[in-house]
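Common to both upcoming complexes is chain A, partnered first by chain B, then by chain C.
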Partner chain A sequence: MLEAFTNGFSGLLAGFMHLQISNVVMVIVGCVLLYLGIKKNFEPLLLVPIGFGCILVNIPLADLMEPHGFLRTIYDAGIMTELFPLLIFVGIGAMTDFTPVLENPVTFLLGAAGQCGIFLTLALALALGFNELDAVAIGVIGACDGPTAIYVTAKYAPHLLGAVSVAAYSYMSLVPVIQPPIMRLLTTEKERTVVMKATRKSVSKTTRLLFPLVITILGGLIAPMGLPLLGTIMLGNLMRESGAVERLTSASANEMANVVTLLLGISIGATMDGKIFLQTQTLIILALGFIAICLDTACGVLLGKLLYITSKGKINPLIGAAGISAFPMSARVVMKEGQKYNKKNYLLMHAMGANAAGQIGSVIAAAVMLSVLKGMGII
Partner chain B sequence: MKVELTSPIPGKIMKVLVGVGEAVNEDDEIMKIESMKMENPIYAPAAGTIESISVKENDEVEVDDLLLVIKAAD
Partner chain C sequence: MLLTVDTVRGFPYIEAKIIRSKEFQMDKWTFGVTMLVVGMGGTLLTLGIMSLIIALLKKIFPYEKEAEEKS
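Up next is the complex of A and B:
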């Protein structure tokens, strides 16, 4: 009787006995992510489920990520199949108004320049000895776009998923801290004070309807590997602009995006098993991701400077910094910085154009990269 | 001299921080416009007194809509 009692009691202690130092560290990491999300308001919609998933998966013997564990089931169904990031993209397309880009097509260039970090970081990762597929996943952090990064990483380097997505999402929320010093460093006071008046060109409904169709067909033909990304975001946008399927648009932008964000977050957190996550490699990835976003900003601002010169001083180079995908944070940063130097300067709509272009730019850049690699026989 | 302040961005008037007859300095924050789900401060284009205000809170404005007129101090 007594023996049965002690045996039973030791069952309750087994978890503690199996707890490894790496698990303890990861539970703390999970708590830090929760703290950043809840207290600091850094991308809480993502960091809360990611942080909690990270805690869940590091509790020994529960085996939530083993076959038939519930986190494994969600992960296999949505991440391994790349379904979750694509569903999120339908939602993003339904949320995003691309009119500011169409009003000012020059912002397309800025949206492209803001992706340079992807390719520079890819080269850097290769130089540091990462294999091609891992380097691709690391470079794509420079897209500054969570779902793109998750899509590419899940497909080609799933073992890096935890590190890459944590890097992508935490840097996205740090955009207001990372960008301004780079913007200041690369521009002169005179350039920063350039006032840009809001443009008031109306974009016809036909243009707004044709835009997602043309981008999908043309982009798909150029970079077929990226069609899932482009196609989903443009489907969402077509539904939005058509005005004919309000219920589907609103479901995509709200209910579906919310549900999938929850499932995506918790399964990303579940990849952060201490044994896999706690490697020097993770730190290198976090560092490279940081560099990628700095390079994006720098390239955007430098192209902005070029446009400043070619437009004879009519374009404020600061808007170049918004050519990344972190929407609309980055446009907000540009507006604020601009007003710091000239209170009567409202760069918001121009920055929004660059920012929305950056959103498409990041998807196109990832698509092009995949198609090029496919052409080279790497994937 | 009268200085007209027109809306630099499209959006919704969140707050009007000044009243008619009030004296303002150049670059004082006089309004907040919500645009793209963000709060954007609008600053006075010149020093003077507020002569008239053409919008109220919760109004939707487009670019170039008249917000207010300032009678500039000469």
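Up next is the complex of A and C:
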């Protein structure tokens, strides 16, 4: 009887007995993510489930990420199949109004410049000794686009998924802190005060309807490896612009996006097992992710400066910083920064154009990257 | 340069031929520079083409205030 009692009691203590220092550290990391999400309002929709998933997976003996564990089931069903990021993209397409970029198609170029960080960081990661596919996954943090980063990393470097996703979402939420100093560093006060003309509503419904179709077909032909990313975001946008399937548009933008965001977040958190996550490599990835976003901003502003010169001072180079995919946060940062130097300067709609172009740009950059890798026989 | 042809069978009878150099190997430096030039160049080119097509679409289907308001 006493032995049965002792054995039963030891079952209650087993969790404490198996607790390792790495688990404790990761539980603290999970709590920090929860704090950032709940108290600081940094990407709460993702940081809250990621933080909680991180805590869950670091409680010993629960085996939530072992075969048949519930987190493993969600992870296998949605991340390993690449389904969750793609479903999120349908929702993003249904939510995003691409009219600002259609009004001023030249902003597509700013969306391209905002992706330079991906390729420069990839090169930097290679120089630091990461292998080709790991470097690709690290570089894609520079897309400033969570679902794209998750899609590419889950497919080609799943062991880095936790670090890459946390870096992507954390830095996206830190855009208002990261971008302004770079914008100020690279522009003169005269450039920052440039007032851009208000945009007219000049895009016909036919153009708005043809836009997702043209982008899908053209993008798919140039970079077929990225068609799942491009096709899903454009499907969402076609549903939105057609106005014919309001129920589907609303469900994609709300119910589906919400459910998938929850499942995506918790399964990313589940990859943050202390034994795997707490490595020097993770810190290097976080640092490289930061560099990637700084480089994106710098390249965007530099192209903005080039457009300022070629347009004879009609384009404010600050809008170049919005050529990243952090939508619409980056556009708001540009607007705020512009108004610091000229209170009558309303850059929001122009920056929204660059920002929407950045959304497409990040997907195109990932698609091109995957197709180049395929062409070289790496994947 | 030795070339090899990989045949990819698609739907339903389409065959695409991918030609690449035989025993294609490269060091990290070559890979990095290729990704930087072809990847970034490809992104810029693709988005540049897209911007031209959108500008063209806007010319073909101009915004007409009354027709848009009716629809």
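Observations on the model:
Throughout what follows, the second predicted complex is superposed on the first by the 378 of 379 C-alpha atoms of A that agree within 3 Å, B and C clash if a C-alpha of one lies under 4 Å from a C-alpha of the other, contacts with A are read in each partner's own complex, and residues count from 1 in each chain.
The rule is short, and it goes like this: contacts are C-beta pairs under 8 Å (C-beta built on N, C-alpha and C of every residue); 3 or more make two chains touch, one makes a residue touch a chain.
As the structure is a prediction and not an experimental result, all values here were calculated from the model.
With both structures placed on the common chain, the touch criterion links A:Ser325 to neither chain B nor chain C. By the document's definition of touching, of the two partners only chain B reaches A:Ala198; chain C does not. Of the two partner chains placed around the shared chain by superposition, neither chain B nor chain C is touched by A:Thr282. If you count the residues of chain A touched by chain B and by chain C, you find the higher number for C. Applying the stated contact rule after C-alpha superposition, one finds that A:Thr153 touches neither chain B nor chain C.
By the document's definition of touching, of the two partners only chain B reaches A:Tyr346; chain C does not. Across the two superposed structures, the residue set of chain A contacted by chain B and also by chain C is empty. Only residues 101-102, 105-109, 111-113, 115-116, 118-120, 122-123, 126-127, 132, 135-136, 201-207, 210-211, 214-215, 218-219, 222-223, 357, 360-361, 364-365, 368-369, 371-372, 375-378 of chain A touch chain C when the two sit together in their complex. Residue ranges on chain A touching chain B, taken from their complex, read 197-200, 328, 331-332, 335, 339, 343-344, 346, 348-349, 352.
Of all the residues in chain B, the ones that touch chain A in their complex are 8-10, 27, 35-38, 40-43, 45, 62-64.
The touching residues of chain C, when paired with chain A in their complex, are 18, 20, 24, 26, 28-29, 31-36, 38-40, 42-44, 46-55, 57-58, 61-64, 68, 71.
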